[in-house]
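Here the chain labels run A, B, C and D in written order, and each chain numbers its own residues starting at 1.
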Amino acid sequence: MKDIREDIAWAKINQDVMKSLENPRRLYWVILFVAICAFGVGVACEIYQYRTGMGVANLNNPQVWGLYIATFIFWIGMSHSGTLLSAILHLMHADWRKPIYRFAEAMTTFSLMTAGLFVMVHIGRLWQFYYSLPYPNERGIWPNFQSPLLWDAMAIFTYLSSSILFLFVGMIPDLAIARDNMADGWRKKLYTLLALGWEGTDRQWRNFRVTYLTIACFLIPLAVSVHSIVASDFAMSQAPGWHVTSFPPYFVAGALYSGCAAIITLFIILRYTFRFEEYMTKSILKKIVRLTFAIAMIWTYLNAVEFAAVWYSHDEASKAVLIEKATGTYAPFWWGMIFCGSVVPLVFAFERFQTNIPVLFATSLLLNLGMWLERWMIIAPTFSHGIYPWTWDHDQWPSMVQWGMVFGSFGWFTLLFMIFCKVFPSVSMYEVKEMVYHRTLHLKKSETAEQGAH
Amino acid sequence: MIDSGSIKQLAGHPIDRRDFLKVLGWSGAAVALSGCGNTSVEDGKETVVSYVEANDYMIPGVGVYYNSTCAQCDAGCSINGRVREGRVLKLEGNPDSGINKGKMCGLGQAGVQDHYNPDRVREPLLRNGAKGETITWEKAYALIAEKLNGVKGEEIAFLSGGVSGHLKVLLGNYLDSIGSKNHFVYEALSPAGVRAANLKSYGVALPRYRLDKAKVVLSFGADFLGSWISPMHFSQQYAQFRKGADGQRGVLIQVESKMSLTGANADRWLVVKPGTEGVLALGIIHALGTASGEIAELVKAYDRVTVSKATGVSVSQIDKIAALLKLRSPSLVLAGSAVEGYAHGAQNAIAINLLNHVLGNVGKTIEAPVAVPFPQLAPSVGNTASLKALNDGLAAGRYKVMFSYATNPVFTAPGAFKFKDSMAKAGFKVAFAHYLDETALQADLVLPLDSALEDWGTQIPEYLADGMQLNIQQPLMEKLHANTRSMGDILLALVKQRRVEDYKGFEDYYAYLRSSLLQNKGALGAGGSDDDNFWNEALTKGILKIASSAAMLSDRAAASGLQLPKAEEVDAKFPMHFIPGVTASMRDGRHANQPWLQESPDPLTTIVWDSWVEIHPKKAFELGIAEGDIVEVTSKTGSIKAQAYLFSGIHPEAVSVPLGRGHEALGRYAKGFGVNPFGILDAVYDKETGELAMHETRVSIKKTGARVLIVKDEGAAGGLQMGRKIAVSKTTDQVDLSEEV
Amino acid sequence: MSKRHLLAMYANFEEAEAVVKELRSANISGFNAGDDMIVKSPIEHPEVEEFLGEKPVYVQWFTLVGSIMGGLLGFFLISGAQANFYTQMKGGKPIVPLPPNFVLTYEMFILGGVFITILGFLICAGLPAKRSSLYSTKVSEDHIAILVEVEEAAVGAIKAIFVKHKALEIQEEAGK
Amino acid sequence: MSVSNLLENWSQFRHAHPVDDKPHDPYKWAMSIDLDACTGCNACSIACYAENNIPVVGKERFQHGQQMHWMRIERYWDEDGRDFPDQGAQFLPMMCQQCEAAPCETVCPVAATNHTADGLNSQIYNRCVGSRYCSANCPFKVRYFNWYDYPTDEAVWPAEMRQQLNPDVSVRSKGVMEKCTFCVQRLSAAKSVAKSEGRIVREGEVQTACQQSCPTGAISFGNLVDPESRVHKQWQAQRVELDKDKQAKDEHEEGTDLRGYRILEELRPYPSVMYLERVRESAV
């Protein structure tokens, strides 16, 4: 199967990637348009809810959270694979990451931003949002540092800012390339500004290497901490079905899972719209697919562990929730999650599907659906079937306003992502060059070795 | 002795003393009038104190409390209203009242919402085709005078709810002045049958029930904790009864076909075949085996097996009850509203009362009531027979002019009466109303009344729980609406049309009331004290406690001529008994427009804002009915559609729909919520008393196919705790109440 | 004695390496191979360090300081805030509860680390920098550039070496 | 300076409720509810509406589970599958239990709900941003959220009805959480009176609205640390201790004649409301 050619001219790499900033396929504009419409719907819903009150989301006591928090977790989770691919694989010198990590990181950043939005639409008094920030004030009032929600805020802020920096630093040499190849105009100005006068001197490269490595090292534990903190929003509470020890690893696995699935989806979309067949090769796709499969199995395992733990415990309330999940109002969705999350990925086990683009595209979408359902199934059943039977409520159903905003969030994310790919090189040029360079060296060595043998 | 000279002087012209006393409502008073202390017309000029103009006793930001009387039902609880900056905020109970001793039920507290209700009538309205046009009071009065002109007394009908005190006096005097004797006092839910039975059994209509003295209370369908006679008083007695004098907890056994709030609190709730309560009572007498003579003779036929078959109560259960009643004395047996609702209702009640005689409770837990010393002020209590009389009269076109006050017959009359049509036959209909309710809508002239919290008045409750007391009603704040008037003022104005001379001394109802009370302050327990002191004290207390003698109880058991019907065969067309449910907050529905009451969940079903059909799960299963199914309940008279609620606290052969909802008028919080079961009640009467037998309607149940989500407070788990330790209970052998604080 | 800049472009790495070796060996007066020579490349060549000789990198020290400061700052700011905000008392929990503060401290530790590392990078790499006078966009494509700073006198010698190794292009700063 | 402050009073900052020997001095408001006396008549609930300006949300919103009753009467049936509930129903008034170790307090991101010195679980409407985490973490589900802007809703409070609102209690606007406060407005009034007279609030001096209306006197309320108070005596008689999660009566397997218990005690929220078990006659 064909991979990036060793003999590809470096100049061509520049041209190809720079082209992606100029003229993508028509599909790009279609996607962009759809995204804008979807986002519009979301905004409309929020305006309506903001003016009328949270009631229009058809939330109630005890169902106080609904889809907002579920989707919030979903987006947080999605953000994790960017880091995984970029940082971990970077540390392991897996050079096949090089053509694809850029958009993966972009995905991280933007899904974090989307997640942030859900905190906003969720709270009852958006106009008082700043109360939850630890800013010094004359009254000496501070937010409650004991609240997992505040840990969330802190972790997400750290994660978001770090990933943005990581993304930016990694992009500097490419910005320099863009600067050098771009005709005069606002773009050139932009790149000149962002390239910070990068010239690829030995000194710059030296420090660059160390810095990049360091941040990568920071990002990995950070990513893990972020989603385990999100998990502790639930694990730290007393609610049945939430108060589970294995939640943090379970959440992290779920996060990586949905992230990888999303990467496959976006990989396929970018590959086509920006004509990256040359760089985003099927062999790379194959590697991601295998990685995803592995993670899917880990997730399946942790899922089973969670249920087993509850089943084996003497916590009647939690058991009741589990049974409710499997047999109650939400059963179809819960089983849907199991199917999408644990059965569908088995497709990846077959060699012939591992590079079959249509199949992979469909599958990856299913996986993400499954991961979204997982988040919803963590939230809803616990609320509708909590500790206190008198307030059990199995009839609560998210209103169109909630669905509208979930829909809109996908629009928002796609919008940001697509614009990014159009403005910034979504394939790392300098690293592709490195990749090619090292391969050639390797080939040379092996040739000379052969000659020696004769 | 009263100085008639001074009276001549003040009345401005010579009238003889008897008339004068009649005017003021003291004629025939059982106590001597004290003539000392002079009254002056000046008092009449006093005006109602405005709580809006800050007086020295009103500190902004601090609540001031005024005592008055609750008008939400007839129990006559005394209220203690919190007023701030001239606005009444909350009604507490008045601790000095022997009736409610500082407590308030939900219905009573909702009185403020009656006062502040946005749907009150604010202007006198004259029918002009389909709609009403606003007119002035002068015009309204003139119109009444004109319409009465040349109409014979017997052609005038005055329908009212239960009235007492000086309002009753004025009303009586007015009717007298227009020569009418047709005062129909109607209450849809009054214990008329029980009164009749009690008269036979005890010689009094309502004896004083002493739950607090009883060790066992055997209640046949008496919802004394919810809506029966004087719930606030009974509830407090119940608390003592439960604690027990010597730490021995009182035992409550409730016998009824549909669980009431009281039944829900019983140690043993026994479901009986509707109408067989009396049979069970006789069965218990039989099982006691202590009766002799006439009674023994009577109950001979009622051996445990027969009774068990007839009532559906197990033999062992009957024995247990008998044993307990023997063991613990004194006990108290109550015949409540559920037993009187049959063609043999009075007989039912008499049979049950018999138990008290057999158990020797009469005189112990059944005490003689106090006699009301002032017959003219004594409450004239409502019943349903009077409505029947009125309805027949109207239908026969006997009445040209009809007045309606404090009652809503178009809503509460049984469907079989077709009251609306009958009423249309009256030429000129005047409604004194707080709201544009169903009856007011049929009237030609609607006169807006002050709310109970704006009004003056005196009231004597029918059930004097704790000695004779005259309840004072005074405004807790200034009128909300300029053009509403006190019923007293209206009657005064009307009576002045006829007897201006007698009444011209009284500028308004307040003046009338004041001078009337002062006139007799000696008898009211303030002989000799200065008028103003007496008056102010009366207003401060809100109650006048009056020494009075007790009536006589007859301890002679009225067993003779007692006969209970044999079990009647089931009508195939209408197989089920229909039990109109009486809930503590809705009652007959006159307060349905008070949102607190609409949103406070029904204690047993936790349903809000709507009606429902209680049906036993077994029966529901037979008929394939599930919770929330819209079922059609059809009687000979009519049919209603409502959501089904599976309720195990009801006899499988009966269904129940709560009264009070299903208004077509009244106001925004009442209109269009639920259905009105009054509408399907057949016209069946108690053979003895002629009272409407509300439980005699038979119905059939049909699924309509529609289904709704029942709006109720209980969650998806229903009334189950799912093994969580939330509401825990013990049995008496596991506790020692005497140790408790 | 004024100095001038020279920039030579090479197609591939081997030649550039050769040039650098030669420049180093031929010790020309007025030119210090150690300090006056900068190699610009489109990608990062580990080899460059080998032939340019080890040069120290100080970024890690920023990282260390940054993360420690971040952590300490986090812990004391939060605990301090709690200690001064009594009304935040939570039933069943002390006013300054350690476990949650540790979580936040951890986040601040990373935050500080990342931010200061970036700062360190900018300082050490001298970014943002003014573009040097001699630069070719080819560098960002596939060429290797060698930029030297020499005395007037040595210019000739250097050029000679560049030419000898078939420099694709030689840029020269205009002399004064 | 915060850090010095921190270092000086470290031990104090590490002190936690309710395990301390004498957590509240001079006040610890507590309640006890006798389920045997409670008849489920709803008077308390309506009194609460009247006193605390609770909005009547209307049928549709009630259907959506958005009712606001701070005090709700729960009705339970015996679970032994009989055809008829021949031992009646069991009523349970449920309102905020004012937990000593309240699960809701720790999770609020903006510290809008806190523990007060007199042992209440306070709710600061002005501070609340409406994350609803407190409700999510409340085992009793007694916190109610303002899903709509009720004060400006003509259907909820028409102009006339608005005159009935209690000026001592703030009317909550859209987006904030609310719950039973033990009628804190009455408590603070009583406390300030007592303070001006240089004493503490006496037993019987202050009543909650629900207690005041309860016709059977099932609810008693008072200062738990005042040995004169009925509540104190009741808790003592029932041997229920505030800072224990397992009471004397739970020790014996066969049970004792004690009736006092606290709901969901095993979750260790240390509620301030003691319930007395319902009793049923064993003879019939």
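Brief remarks on what is shown
Here is the rule we go by: contacts are C-beta pairs under 8 Å (C-beta built on N, C-alpha and C of every residue); 3 or more make two chains touch, one makes a residue touch a chain.
Just so it is clear, the structure is predicted and the values come from calculations on it, not from any experiment.
Each chain gets a centre from its C-alpha atoms; the one nearest the centre of all protein C-alpha atoms is D.
Among the other chains, the CA centroid farthest from that of chain D is the one of C.
Counting C-beta pairs in contact across B-D and across A-D shows that the higher total falls to B-D. We define each chain's centre as the mean of its Cα atoms; on that basis chain B and chain D are separated by 34 Å.
Separating the centre of chain A from that of chain D, both taken as means of CA atoms, is a distance of 43 Å. Chain centres here are Cα averages; for chain A and chain B they lie 68 Å apart.
For this pair, chain C with chain D, the centres built from the Cα atoms lie 63 Å apart.
Among all residues of chain A, those that touch two or more other chains are 141-142, 144, 146, 150, 387-388, 390-391, 393.
Looking at chain C, residues 81-82, 84-85, 88, 90, 93 sit in touch with two or more other chains. Residue positions 67, 72, 74, 106, 111, 264 of chain D are each in touch with at least two other chains. Contact annotation for chain pairs lists A-B, A-C, A-D, B-D, C-D, with touch applied as defined.
Those residues of chain A whose C-beta lies close enough to touch chain D in the complex are 52-55, 58-65, 122-125, 128-129, 131-132, 141-144, 146-150, 153, 233, 236-239, 383, 386-388, 390-391, 393, 396.
For chain B in complex with chain D, the residues that touch the partner chain are 61, 84-85, 87-93, 100, 102-106, 109-110, 112-113, 116-118, 225-226, 231-232, 235-236, 238-239, 242-243, 249, 251, 253-254, 259, 261-271, 317, 320-321, 324, 327, 480, 584-585, 595-601, 603-604, 606, 608-610, 618, 648-649, 668, 673, 709, 711, 713-714, 718-721, 724-737, 739-741. By the touch criterion stated above, chain C contacts chain A in their complex at residues 38-45, 48-49, 52, 55, 57, 59-60, 63, 77-78, 81-82, 84-85, 88, 90, 93, 97, 100-101, 103-104, 106-108, 110-111, 113-115, 117-118, 120-122, 124-132, 135, 137, 139-142, 147. Against chain C, in their complex, chain A makes its touches with residues 9-11, 14, 134, 140-142, 144-146, 150-151, 154-155, 157-158, 161-162, 165-166, 169, 172-173, 176-177, 179-181, 196-211, 214-215, 218, 221-222, 225, 229, 430-431, 433-434, 437. Per the touch definition, chain D reaches chain B in the complex via residues 35-37, 39-43, 45-47, 49-51, 56-59, 62-63, 67, 69, 72-77, 79, 82-92, 155, 158-161, 163-167, 209, 212-218, 230, 233-234, 237-238, 255, 257, 259, 261, 263-264, 275-284.
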